[in-house]
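Two complexes, one shared chain (chain A), two partners (chain B, chain C).
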Partner chain A sequence: MTARFTGIQRGGLLVAALLRIGQALLTALAASVIVWALLPLAPGDVARRVLLARGMQDLTPAEIESAREELGLNDPLTIQFLNWLGGVLQGDLGQSFTSQAPVAREIMERLPATVMLLGLALAFSIALSLVFALIATACRDRWPDRAIRLYTQIGAALPTFVFALLALTFLVVGFQLGRVLADPSWSAALIPAFIIGLDRAASWTQLLRAGLLEAMASGYAEVARARGASERRILLRHALPNALLPFLTAIGVSIGALIGGVPLIEAIFTWPGLGAYLLEALSSRNYPVIQAYVLITALSYVTAALLIDLAALVLDPRLRDRPA
Partner chain B sequence: MHPVLTCKGLTVTYPGGMTPVREICFCVKPGECFALVGASGAGKSTIAKALVGLHRRGTTVTGALRIGGRDMIGANRSLWQSVRGRQVGFVAQNPWAACDPLRPVRDHVAEAWRCHGLPVSWQTIAARLETLGVASAGARMGQHPHTWSGGMLQRASIAAAGALVPPLLIADEPTSALDTDRARSVLAALRSLDSAVVLISHDIELVLRSADRVGILHDGRLVEHGTPRLLRSAPKHAETRRLLAALAPLPPRSNPARTKPLLRMAKVCARYDKGRVTALVAADLEIGAGQIVGVQGPSGCGKSTLLRLAMGIERPAGGTIRRSQALRRPGAILPVFQDPVGSLVPHWPIWRSICEPLTAPGRPRQSFDRHREHAYAALARVGLGAVDPQARPSELSVGQCQRVALARATIASPAMIVADEPTSALDSPSTWLVSKLLRDAAERGTAVLVVSHDSTFLHRLADRVITLEAGRTLAAAKGD
Partner chain C sequence: MSALDITRPDTVPQAVDRRLPRQLWRHPSGRAGLLIGLALLLCAAIGCVWTPHAPDVPNYANALKAPSLAHPFGTDATGRDMLSRVMDGAHRSIGAAVLVLGAVFAIGLVAGTLAGLAGGLTDSVVMRIADIAMTLPGLVLAFAVLGLLGPGFVNLLIALIIADWAWYARLARSLSLDARKRPHVIAARMAGIPRWRIILGHILPGVALRVGLVATLALGGMIGAISGFSFLGLGVQPPAAEWGALLAESRLFFALAPWLLIAPAGFIFLSVLSANLVGNALRDVASPGEA
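The block that comes next holds the complex of A and B.
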């Protein structure tokens, strides 16, 4: 049902953007509730675990009870959540069960390396998929297109770590490129980031290529052709911006998967980021650390989705006419 | 004078070996309007594509095709690129689909210059749009296509097609997305450029009114051509006579007795999206047994909403709807849809679709054999006695499918038929047949409520025509 004449709120860009930001804040809040619930839902008594982590042996019930009081575990759940949320907002992510150090500090020591690797990987994957999809569309059904399609199928079928292991064996060990025992520097990040990017770009290329081909067969492309426009001009000026919208959405959705796949890649390349820290926390059931990692993942996902939706609002005028 | 376009023995062959267009011969003189008209599937669009070199890859075009003195058979991509826009302009059917949705309308027009590497100022574009009848073009051309009306956007497309003043324009159904009044003014805008026009259309009435010469296409061949007057007075080919039959008046109405209204809607309003979108503001409608009421209006004026409210599928947000007892039993209101093929169950033989209303609750159960007999009779009534009742919808033409849908709608003598754009997918002869069948249903006492953007069709068919504008009904206009 189209109703152009009346009733549609034409708030324009600002209202739509504010609404979307509000939605993102709500999503972040919901995510934080689930993340917080990890701790109360975890098996075993939290107070006992904290005391054990502090190195205390032979706990008496009185000691556990006073620890419960101290940790606020006797408060109603809503109060516990609000206390936790208040702490998180001030940068307090709790104390590690194993090292006794504040989780926030331990994470901040390792986060820059992971952000560096992820950022570079994201840049690689976007650049690679853009280039591959444009080449494949321009050379449709000729050998460059076929080669790229073969790559996208292999890439989509194989898990990232297979790429990583192959790269480690051939590029790093075989040809002495990069260093296996890496320190966090941009040059050392290049090879692992390229591997992650190459793997991610496979499915993104497939998606963007399909979008570009659809746009190249659309009515406006046909009309542009009938005006005398060259194929390259249609591809870059009309097809690419139109195909970019679903592509951006797909990027937003798979950012979560990208972050989730990091620990494995980091472990293979012995990258000193959050990955090893998380794996260790998982094996020792160090819940505050796991909680912090999940929170960071969720918040980056929400932020990425928000940025992409805002970009879509700027790109597509049709989205601005109705509030999202 | 040399013709701007010459086709001799033009034949188009698809990669599979099918030849949808065979041995077409015609030429177009400078400034004249040559129309190609024919039923759906006659090869009209294939010719349009071949004339601008936009046929699918693997398609071969043979014969002779000269545009502006250049031989275009076997022309390579760069020759076509230099000819398109400069020697031949193109106007597509759907103006919204023809515009890149992400760019403002002015970019769509400017592209006609820029893709040939020519500079153009916004003033030039605004002036071109103004001469084609776009009011305050300078201020509006910065808006995006989806906010423009179809008629205005089609003018922008015409401005773009005529940007470099090509001697020839190809217009593929340029007005079929528009209502009748807008279609006339857009066609006038198209003719106001000095270019010759090849007008491709399924609407024989429009073509006879506006073209200098008309060619009749049938099964991929040009079977007859001549001036509109000649074709009207002395049609030679059977296809021409079939198309002209669509202009014949419908059988006269036996004066419908003033009956008690079946359905009465007063000051009805409807909202969607939690009240954010208002589809109807205040609509009034009254219809009695045996009456035909048409509803016209531009896209988005609330026509389909009004139909859904009349059928009782939706509840109004305000106003009153009174239904008589006859409309309340199941199966009393039967719909006819815009897409005839999609409205029939694809894997059912058509007799089964036709008989579906007979299986409504409260009706006596009958054997399949009885149903099939009813279906034979119903098919004969809609003039499809020769069609196999076991056929699947995909084996029938679109026009035949709509007649099957009408057989289904009328088989159980419903109290009311509600038809939403029943002819927008049909060519002129099928439109005429559908009008006649709806008339027949009304003569048998069924109320008929028809929504259409084609006001010629509505005024010919209906006893009363209601105009919806921005969710309100305007004063009812009397039909013929």
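The block that comes next holds the complex of A and C.
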């Protein structure tokens, strides 16, 4: 049917991608408004905190007033926001209330550790869920499938931090598989990332398994079967590509959860990354650091969601259509 | 779904009626989930009035004992019985989740149906606020709010409510828009029933029932999220017992007494499991047409 009759406008990849990118930019802007608003909303006088952070004591009202002027706190809120945004775009995230160092520099020292751990964990969870879901589908209702279903039920019901704590205590420490206190390196990240990946993979396996079973029962799988294709070929060549797209979207949705859980994960593995930095800042009311953390996690979440949606647009032309 | 983020059930029940409790009970995984959930509630209720030992009286002669008949889950570093601590903490863990979900249910229901039924400017304003609240992952927003308010039990509840209400508002909005087109609502309109009575009597009950069902099934995930914040020391403050805080306490002695982790971890596990099992059953019985 042509577009006129279906009421659907066949869209090009470029238009759809640009629309999605524009939407991501808007989301990033909205997120940055929230982040900025944390400082004016924070209890206590910001100028006072900044001066104390600079090591000044016994502040007079005149000093505070001149600091307010200097920091632009007397400007209208919109101007303050634009100034702040301009600073952020140039990599200026403010000054830590406790260490007086630029927050951007402190963040850059800790970011690699978190990226390392999260990246490895993500790779493990995708790989594990692919393997588990394929095995479960191929051996449907036989013991491997039953075992994997039991694992997914348990994994889905254990919050990641509880799972990580139990795995660390009973497996890693119990059997002396590795060091608990670690400096951030790829080899040290392996065990924590595997544990996180194993827990994440549980719910993703459930999803992918359901998608694969649905695809295996579909019309095109039936046709392939009638044509004499082997079950393995149907699974890998026909069912898997079709089941991958919803799987990809599901990953996009739960990446927010993965990023949001970083402080917990890092607390359990005593990992010196961004999450540990945030927890320090929370206990000392170090607002610029809290702001920077929320900004960075929000931006990485928006970027990850954008990349996944763009990948989906490339893979599935139907997603490019818009209601006319 | 595992509960790193504030998790919610992944399906909204389509057909909900009086038969639902019985249908859930007949479904094997539904029955298991309901039984586990009832057992946990019972445990919390008993824990309010009676525990095998005093949950907060230290007994240093009895510290870090391995599980035994007198102390099925062992004793902690100051000799307090772990089973009693967990039972004492149950009403805090479960109660906190009930409070948060009750609040987001109420806020979401009112804001969502208002936006959906009023339309126009109200709709735009409410939904743009919800959109902004949803730009950040729930946990990150909760951390941000906690950063503003400072750690503490009440502040944690406020942070989670701010982080979670928007999703329920969206759900209530789409369900109420949907309900407007239902035959019984159209029939009521044609019968000349006043608008406010249609909204209160014909639209709201159905929307509330379904949003409430979703909120109930989110209890397990919310217990997990709250215990995570308490584990970090941002929620329930010691010496009050709560499952996440108990995990944090027990964790300090994992080399000497690893069994201390079992009771709090097990109870968190059972609450999420109960919600997952009932959720699975609900997907089977109340969403016909879906595989």
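Everything that follows uses one rule, which is that the second predicted complex is superposed on the first by the 307 of 324 C-alpha atoms of A that agree within 3 Å, B and C clash if a C-alpha of one lies under 4 Å from a C-alpha of the other, contacts with A are read in each partner's own complex, and residues count from 1 in each chain.
Basically, a residue touches a chain if its C-beta (ideal position, glycine included) is under 8 Å from a C-beta of that chain, and two chains touch if they have at least 3 such contacts.
Since the structure is predicted, the reported quantities are computational estimates derived from the model, not experimental observations.
K.L.:
First (chain B), second (chain C), both or neither: which does A:71 touch?
P.N.:
neither
K.L.:
In the superposed model, which partner reaches more residues of chain A, chain B or chain C?
P.N.:
C
K.L.:
Does the superposition put A:27 against chain B (first), chain C (second), both, or neither?
P.N.:
A:27 sits against chain C, while chain B stays out of touch.
K.L.:
For A:157, is the partner it touches chain B (first), chain C (second), both, or none of the two (neither)?
P.N.:
Once the two structures are laid over each other on A, A:157 reaches chain C alone.
K.L.:
For A:241, select first, second, both or neither according to whether it touches chain B, chain C, the two together, or no partner.
P.N.:
The answer is first: A:241 touches chain B but not chain C.
K.L.:
Does the superposition put A:317 against chain B (first), chain C (second), both, or neither?
P.N.:
In the superposed model, A:317 contacts chain B only, not chain C.
K.L.:
Just checking: does A:41 make contact with chain B only, chain C only, both, or neither of them? Give me first, second, both or neither.
P.N.:
Second partner only, chain C.
K.L.:
Applying the touch criterion given at the start, work out whether A:225 contacts chain B, chain C, both or neither, answering first, second, both or neither.
P.N.:
In the superposition, A:225 touches chain B alone.
K.L.:
Go through the superposed model and pick first if A:233 touches only chain B, second if only chain C, both, or neither.
P.N.:
It touches chain B, and chain C stays clear.
K.L.:
Chain C touches which residues of chain A in the complex?
P.N.:
27, 30-31, 33-35, 38, 41-43, 153-163, 165-166, 168-170, 173-174, 199-200, 202-203, 210, 214, 254, 256-261, 263-264, 267, 278-279, 281-283, 285, 287, 290, 293-294, 297-298, 301-302
K.L.:
Considering only the defined contacts, which chain B positions touch chain A in the complex?
P.N.:
By the definition above, chain B touches chain A via 52, 54, 77, 81-86, 89-90, 92, 94, 97-103, 111-112, 115-116, 144, 146-147, 157, 160-161, 163, 170, 271-273, 276-279, 281, 299-302, 304-305, 470-471.
K.L.:
Which residues of chain C touch chain A once you look at their complex with the stated criterion?
P.N.:
1-5, 7, 131-132, 135-144, 146-148, 150-151, 220, 224-225, 227-228, 231-234, 247, 251, 254-255, 258, 261, 265, 268-270, 272-273, 276, 291
K.L.:
Can you list the chain A residues touching chain B in their complex?
P.N.:
1-9, 218-220, 222-231, 233, 238, 241-242, 315-318, 321-323
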